[in-house]
Amino acid sequence: MEKKESLDLYKEMVIIRRLEERAAELYQQGKIGGFLHLYIGQEAVSVGISSVRQPQDRLITAYRDHGWAISAGIDANAVMAELLGKVDGPSKGRGGSMHMADTDLNFWGGHAIVGAHIPLAAGLALGDVYQGNDDAVTICMFGDGSTNIGYFHEGLNLSKVWDLPVLWVCENNQYGMGTAVDRASAVSEIRQKAEGYGMPNERIDGMDLMEVRKEVSRVLEKIRKEGGPYLLEVMTYRYRGHSMGDPERYRDKAEVKKWEEEDPIGIYRKYLIENKVATAKELDGLDEEALKVVDDAEKFAEASPNPDESTLFENIYVEPTPVEYRGYALEHESEGR
Amino acid sequence: MAELVTMPKLGFDMAEGKLVRWVKAEGDTVAKGDVIAEIETDKATVEVESSLDGVMYRHLAAEEADLPVNAPIAVITLAGEEPTEDEVDALVEKAGGKPSKKAAKPETADKDEDSSAKEMKPEEPKEPGETPAGGVRSSPLARKMAEEHAIPLAAVSGSGPQGRVVKKDIEAYLSAKGEGQSAGETGGTLQSASSFSLGEVPEDEVVDLTRLRQAISRRMQDSNQNFPQFYLTRSYRTGAMMKLRKEVNALLPETDKLSVNDFVVKAVALALRQYPNLNASLLDEKHVVRHGHVNVGVAVAVEGGLLTVVSKDADQKPIRLIAREIREMVGRARAGKVRPEDIEGSTFSISNLGMYGIESFSAIINPPEAGILAVSAVQDVPMVVDGELTIGSQMKATISADHRVTDGAEAAEFMQVLAGYLEEPMRLML
Amino acid sequence: MTRMSMREAISRTLWEEMERDERVFIQGEEVGIWGGTYAVTKGFYDHFGEKRVRDTPISEAAIVGSAIGAAMTGLRPVAELMTINFAFSAMDHIVNEAAKLHYMFGGQFTLPLVIRAVSGGGRQLAATHSQSPDAIFAHFPGLKVVSPGTPADAMGLLRSAIRSDDPVLFIENATLYQMKGEVPEDEDYLEPLGKSKIQREGDDVTIVAYSKMVPAALKAADMLAEDGINAEVIDLRSLRPLDMDPIIASFKRTNRAVIAEEGWRSYGVGSEVSARIYELAFDYADAPVKRVAQAEVPLPYNAELEQLALPQMEDIYHAAKEVVNG
């Protein structure tokens, strides 16, 4: 890696960390509504995988998607605006925390229903195969909890039967909401579930950015060469609860503290310094820059306007279609882009 | 700079929390990430961490206090800082300012909802009003048609389920009555009934009493002025009449306002046209004169006695004219200024004791008239409508009739025809 | 014009659209080698090949879900659910993903997919294979739900659905597959989505129906004509969007309506149409609107009981007579 790219990755991890912390504060102030799922502790995964995916590779994930949005290349300003429900968010304030996407960056969201995006991922890969995009891999992220729902099994099975180029990546942060993996899953290692589908699989460390980059590049190339789906289990940890308001009764503080000592940002920082890629001072400078990016994003989002009431019915359909309003017919027309 | 700590939002539906316990006391040093307090929501007890390094300067809330989200709970100062009271107050006020602004947003949203909901609301159909007598079952369409043609629904019999008045019933009603009056006439205020000219009045007709009638009369006759009388009583459903009276009176000037008696006068006059034998006098043993005019006498109590003022040609006059004239004559009578023409020429009389609450009575015929109608009070009584017990408006009337001139069947028919006019009072208008 | 069955009309339309646009493909259970369990895609596999006529495992969520994903990449899939009863296994993908993704992401991508499904009972398939839950899917904004009652409409509506950039649930009825009718010989014959159609004119009573109830309503109208009652039959064709204009115009003349559907009465299509009639034309009602629907019972296997529970042409006839005679 070039020095610039190395430092950019560091800064990206810190931006994600600061953005998530700031989002938590804004949530507690009541400025962000609904659910808020923080990526704190998992930064190495989104930054690592996104840094090795090719432009033609499609990315789709579940609802813990702010880190993925930043790593895909969506501006922090826009991410913050979406969190506040403003018009300048990537989903124009219609989706919120769980539905960030930017199809121009080949990032397909951000999905709230557990596991429902998994068959969609198979479809994305099908689309590439059908249209002859032979080099493209669909990277589908999902959590340990979602490997128990039917959609996971239908999606994986279909991907194997149809030989679809999907990299199935389980971000195993050890807990499906409040339930530890071993209380919810029949097998102790998530990757074992791929065995049932005759699918090659691996488990890697998700706290080490360089590890993630190395292993995922390797697997992506394997899929490109040999085709077919592959399942990767990435071991990681979230330092905060499942979402805001989680009292975290299901794990003790000592466990959280232990993982915090393995902080991915700390690990990568140590790597950069030890390998003389950067000095502590340079990295501190990047810390400050990252904080400023988030400060600016907050200001931008606050200043961004709310969607206009007249746009309530936009984008329900693509074709101009009469839609109902409070039970009275034909009051509005929905128009697409 | 001192920083304010507020009640955090710890869940997407949290509105308030209880500050269970202060972990950092006033004066304690605080590091970023230290737990400063425990907050209880309705889901769990959660530890709140400080986002700054500094000193817990002041608690703004007591333990066990319930506070809304965003309420100020503490002030944290940087190490060594000593803010003034004003500065602390300013901080708190600033925080206090925010909640009300936030509350304003949902209010305006509600307002918009209300106004736009009002805009969107479809026009509610104006109902012509259901009758007080238990309500009339009718389809929305029938109601609309009835309103358009100023038909009181109570006057229409319903052929639909449970007696519902439907479109074809209104259509039948309209074709039976003949659409004489245009809707416009009944809509606005009544024009002044200025000119009225008498139409053709038939000549008096002397009729031979039939042999049978002569015989009956001889048998029925007693000495002096006693002659055989009989009495028939009938109840009339007056709901429609009372309603119409109320509606019409709203449009009339004081001089022309209608009383119940005016309706009765007009109704009796029209009925008498159909029963000339009751609008008659026994001339002699062999002859009855059936009067050409229908002049209805109305008994009026005056000081020292009773007078009968006469509404001449009441069958032809519009009811409001009848009302006006009777009002004027009664006024004159009570003032002792009655004119001769006021009290002469009656062919049939009405005595009304309704204003005294009399339920039923029979009056004495004024010779040489053949009959007199005793009208009693309009009362709300229990009655049976469409097979169901309900409350309705009712009035009794008793006819006293001269048995030398007429008999029970004829008088009963007269009373029945009278019902047609009293119970469907629109007919009095035609 | 040519005379063909509804099955042929659907089949021909699929074929022509696949020839016309490379992006159109079919996937579902037994659609390929078997030729479709209702023979709609017979011959397709040999002609178009396994890339464009895809046999899937029995995985409804994946059938619909992967169709959605493929649509997101710009393809125009026609996913087939063997029967609408199996749609419940893909419920999340139909109502949460297909109906909402375009909106939730601020219009960033479109979902030009068609989901074909067979609805209705009457073939002794017992309760869980005989439902008409059409109204449930019509509940969700973002989805379009259409259901033809004639072969011509089957062709025109399916073509419009395939060419539409919106997700469309296309509901067919197995007992209508052999229904024959006049169909234009036009590869571009289109019927608009979201428009009702008057199938028979009349002035005495308005009968609203769709799918299997359309031929039933027309037969009932013939019987009513013998009694001197001239019924207007309006075919909804589309449940969402719901086009009330011809129905209200008709009701203002006839003042009476009967709504016929194969599904259950409670919370059904009739509930919606009836509510809108009262909202939009209350003053014109001369009798309460009547709904003809299935008896509120899981459909039994026994043939007579099944027919007893299902709404019949006679039920429409009697309902119409009731509202006319008041």
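As written, the chain order gives the labels A, B and C, with residue 1 at the start of each chain.
FYI, a residue touches a chain if its C-beta (ideal position, glycine included) is under 8 Å from a C-beta of that chain, and two chains touch if they have at least 3 such contacts.
Note that the structure is a prediction, hence the values are computed from the model and not measured.
Here B-C and A-C are compared, and the pair linked by more C-beta contacts is A-C. Taking the mean of all protein C-alpha atoms as the reference point, the chain centroid lying nearest to it belongs to C.
Chain centres here are Cα averages; for subunit A and subunit B they lie 69 Å apart. Rounded to a whole number, the gap between the C-alpha centres of subunit B and subunit C is 50 angstrom. Inter-chain spacing, taken between the CA centroids of subunit A and subunit C, is 39 Å. Residues of subunit C in contact with at least two other chains: 279-280. Shown for subunit B are the residues that touch two or more other chains, namely 122. In subunit A, 328 are the positions where the chain touches two or more neighbouring chains simultaneously. Interface residues of subunit C facing subunit B in the complex, by the touch rule stated above, are 255, 279-280, 282-287, 326. If you check the complex, the residues on subunit A that touch subunit C are 58, 89-95, 99, 101-103, 108-111, 113, 116, 118-128, 130-131, 150-151, 154-155, 157-158, 161-162, 314-319, 321-324, 327-329, 336-337. Partner subunit C is touched in their complex by these residues of subunit B: 122, 125, 139-144, 159-161, 164, 166-168. Put simply, subunit B touches subunit A in their complex at residues 6, 8-12, 14, 41, 43-46, 51, 69-70, 102, 112, 117, 120, 122.
Of all residues in subunit C, those touching subunit A in their complex are 25, 51, 54, 56-57, 59, 61-62, 64-75, 92-93, 96-97, 101-110, 112, 141-142, 144, 164-166, 194, 241-242, 244, 275-276, 279-280.
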